[in-house]
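Note that the chains take the letters A, B and C in the order they are written out, and that residue 1 is the start of every chain.
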Amino acid sequence: MSTEAPAAAETRETLAVEGVTVRLGGRTVLDDVSFSIRAGEFTGLIGSNGAGKTTLFRVILGLQTPLSGSVRVGGGRRSRGDLGYVPQKFLLDPDMPLRGRDLIALGLDGERLGIPLRSRERRARVQGMIDAVDAKAFADERVGRLSGGEQQRILIAHALISRPQLLLLDEPLANLDLRSAQEVVRLLSRIASDQRVAVLISAHEMNPLLPVMDRIVYLAAGRAASGTAEEVVRSEVLSDLYGHHVDVLRVHGRVLVVAGAGHDEHAEVEHADIQSAPVEIV
Amino acid sequence: MFSGFMVNAWIVATIVAVVGGAIGFFVVLRGSAFVAHAIPNGSFAGAAAASLIGINTIIGLGVFSVASALGIGLLSRRGRYDVATALTLVFMLGLGALFLSFSVEYAPEIYSLLFGEVLGISTNQLAPTITLAALCLAALALLYRPLLLSSILPDSAHARGIAPHTVELGFLLLVALATTMTVPVVGTALIFSLMIGPPAAARAFTTRPTTAIALSIAIALLITWAAIALSYQTNWPVGFYVGVISAMSYAAGRTWTYARRHRTARPPVRSTPPALAGITHND
Amino acid sequence: MPALLAAIIEPGFFSSSSVRLALVVGALVAIVAGCVGVFTVIRGQSFAGEALGDIGATGGSSAYLAGIAPLWGFVGISVAAAGIMELIGIQRARGRDLATGIVLGAGFGLAALFLYLGTTSQSTTGATVTILFGSIFALDTATLPLVAVFGAVALATVLLLYRPLLLVSASPELAAARGLPVRVIGSLYLLAMALAVALSAVTIGAILSTALLVGPAATALHLTRRPGRAIVCAAALGIGAMWLGIVLAYDSYAWPPRHHGWPVSFFVVTLVLLAYLASRVVPTRRRGH
């Protein structure tokens, strides 16, 4: 886990991104992005498609070297088990001989050489994880035959079982219906507080996350603003980010970000899921 | 059938099946059927070259299968993977054609190279074959977890420090190594059938990876033994039997999968039960 | 120019009737293979092409057993194999490759059997080499009209289906939404591929036939993004590789070590690969082709 002793005590930063700039294919994808996350915090990385969310994740994971800036995990140098990652796209062959349980077990030691030894402790940890994500009903089925939502839960367990400090999820809500999205958000929020894992989840739609987000990192045009939702999701802040005027409207407890008049080609419209009956949020 | 010179054939056949079945699990997992076909066929040129210069065939097989693996690995870095495989393969085969045209002994030689030969195993081939096989299996055991994880979730594996390109190259070289020792009895043209038929069948019958590997090896053993026995009796080439029986094992697996999916009642849809809203869980 | 030609080409080249036939048949095959091959590369079906070629060996050897011209065997078996592959027809890319490999294993296994039966029954061993590696200098003049007809069928299929094929290859869902019969188009294309591969097998052999199908097409697609241009480019590259290969093979009759020539198929395949590598080295324009 973490190595050097940090200056602060309990509220030390799990993740500190400082001044990260990335240029890809002649375009500045990330421009001097800075924010930090503390242990157990639930953070939403919000931005439209192409705003740089996946790139930022890749930088954090060490898969992409930034032009400038740094990323620190756990106040010191990264070690393998510090980050859990649930990718956006994964294709699991339906015929593959692998149960959800096996995939979760790979999360424990998938990078170690040699054949895993069966041990009671290993099995208990895997079972514990299966219970934690409510996957008991399908953990022993072929993982490739599960529904998208079920596979996602297996992958969350797979990422969590190594007890990382930080859990990254790349657009986990993208293809889910509203109900499933709320389910996953509740699950993640519970995990964040119960297991003291910082959760960073990227999304292009912030509304499902509003009830549980401790802080938001809003990404637009490669630039980021971070803070609580009240601090960040405001017209002045977002207009500054986008470089043109945007309005922030609140409808039935939902947030709607609309481009100002005369700047429609960069319209940032997040469609509020307005429903006839208000949905209960726990 | 079990006397004298046939003993060698049985021993090598067993080794071939074990290695082929084990590696085949990953070949099918990674969807690398074309590669499994291309590398052994590419090694054919090496065998032709070796007999031309007069050195041990295994050396030629080894050098050219590694060359094929590297060729595919390098070409596919920035080009289409299937095109890289195809062009590497045909170039190696073209070289094989060239070397063959240089040598005086033509047809019988290539025939047994391509399609296998029950009687061709000399005793001094046994030791290197067993050694290489042990190496291959040890490598597989060592790389089992990272290879499994990277094959299933390349992005997550990458985040854990397992680079996909490295894994791919390593896997190609492993297939090359397996090829080198398994070609003699079955032939370059059809050894790949052992690497895709048995594992494809095995995966239909079990959901656990370790069981699938064991089953794949078992099926490969049955196929190879049957092929040797039948080839001995009928004089027809070993490769023919391997290709055809492997296809039958694949068909059996698919039939089983099909039958099972349509026989069992569909389980109730497990998506979010509405009652969950508002209930807090205790872990 | 004549002096340059004389320097490259050994005497007697143009006066040899087998060479002239090889040039004509080779050019026709290269055009068909290049044209069909562009879609093979776009659709990522190189393995299927390779499988069809290898299985063609079964056809060639059974034709040889039956005493008829190999071309009929190549065509017949390739088309049959294409049909079987379509029947097994698995949609996911990985399942498709696996099924292709299995069919290839069974088909090529049969080739092994037929070649064996051929050699034992007729005690000539040259058949293996001819079928597998080609013998473009030993073609029968009767082959030419057959090549022309089959080639025309394959070309016509691809050219008639040009636009639907592009759409289906780009996105089957989009194509289906527009009412295109995706499965039928795929099958027809597989048929055209079977024919192209069979023709290619006649010239450079069953197991090398993919070179003409995939190589020039892949090279062309590196040089241009537009399929129409790629088709023309692929055909040109194919003809170039084929003719240069024929020239070199003819010249090599005097070369060591055995002074009976190096195989045409070797030259053609090597030239195809060199062209591909050259296209990789040349930086390709990323946008705006």
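Worth pointing out:
By definition in this document, a residue touches a chain if its C-beta (ideal position, glycine included) is under 8 Å from a C-beta of that chain, and two chains touch if they have at least 3 such contacts.
Keep in mind it's a predicted model, so treat the numbers as computed, not measured.
Once CA atoms are averaged chain by chain and compared with the all-protein CA average, the nearest chain turns out to be B.
More contacting C-beta pairs link the chains of B-C than the other of the two pairs B-C and A-B. Between the CA-based centres of subunit A and subunit C the separation comes to 49 Å, rounded to the whole angstrom.
Centre-to-centre separation of subunit B and subunit C, using mean CA positions: 26 Å. Each chain gets a centre from the mean of its Cα atoms; for subunit A and subunit B, those two points are 39 Å apart. Shared contact sites, meaning residues of subunit A that touch two or more other chains, fall at 93, 95.
Shared contact sites, meaning residues of subunit C that touch two or more other chains, fall at 94.
Within subunit B, residues 31 each touch two or more of the remaining chains.
By the touch rule above, subunit B contacts subunit A in their complex via residues 29, 31, 141-146, 148-149, 152-153, 155-162, 202-204, 206-209, 211-212, 257, 270-272, 274, 276-278, 280-281, 283.
Across the complex, subunit A meets subunit B through its residues 61-63, 80, 83, 85-87, 89-90, 92-93, 95-99, 102-103, 106, 109-116, 131-132, 134, 137-138, 140-142, 147, 149-150, 155, 158-159, 179-180, 182-183, 190, 194, 280, 282. Of all residues in subunit C, only 41, 44-47, 49-50, 54, 93-94, 97-98, 100-110, 112-113, 115-116, 119, 125-126, 128-129, 132-133, 205, 207-208, 210-211, 214-215, 218, 222, 257-258, 260-263, 265-266, 268-270, 272-273, 276, 280 touch subunit B in the complex they form.
Those residues of subunit B whose C-beta lies close enough to touch subunit C in the complex are 28, 31, 33-34, 36-37, 41, 78-80, 82-83, 85-87, 89-91, 93-95, 97-98, 100-102, 104, 106-108, 110-111, 114-115, 187, 189-190, 192-193, 196-197, 200, 235-237, 239-244, 246-247, 250.
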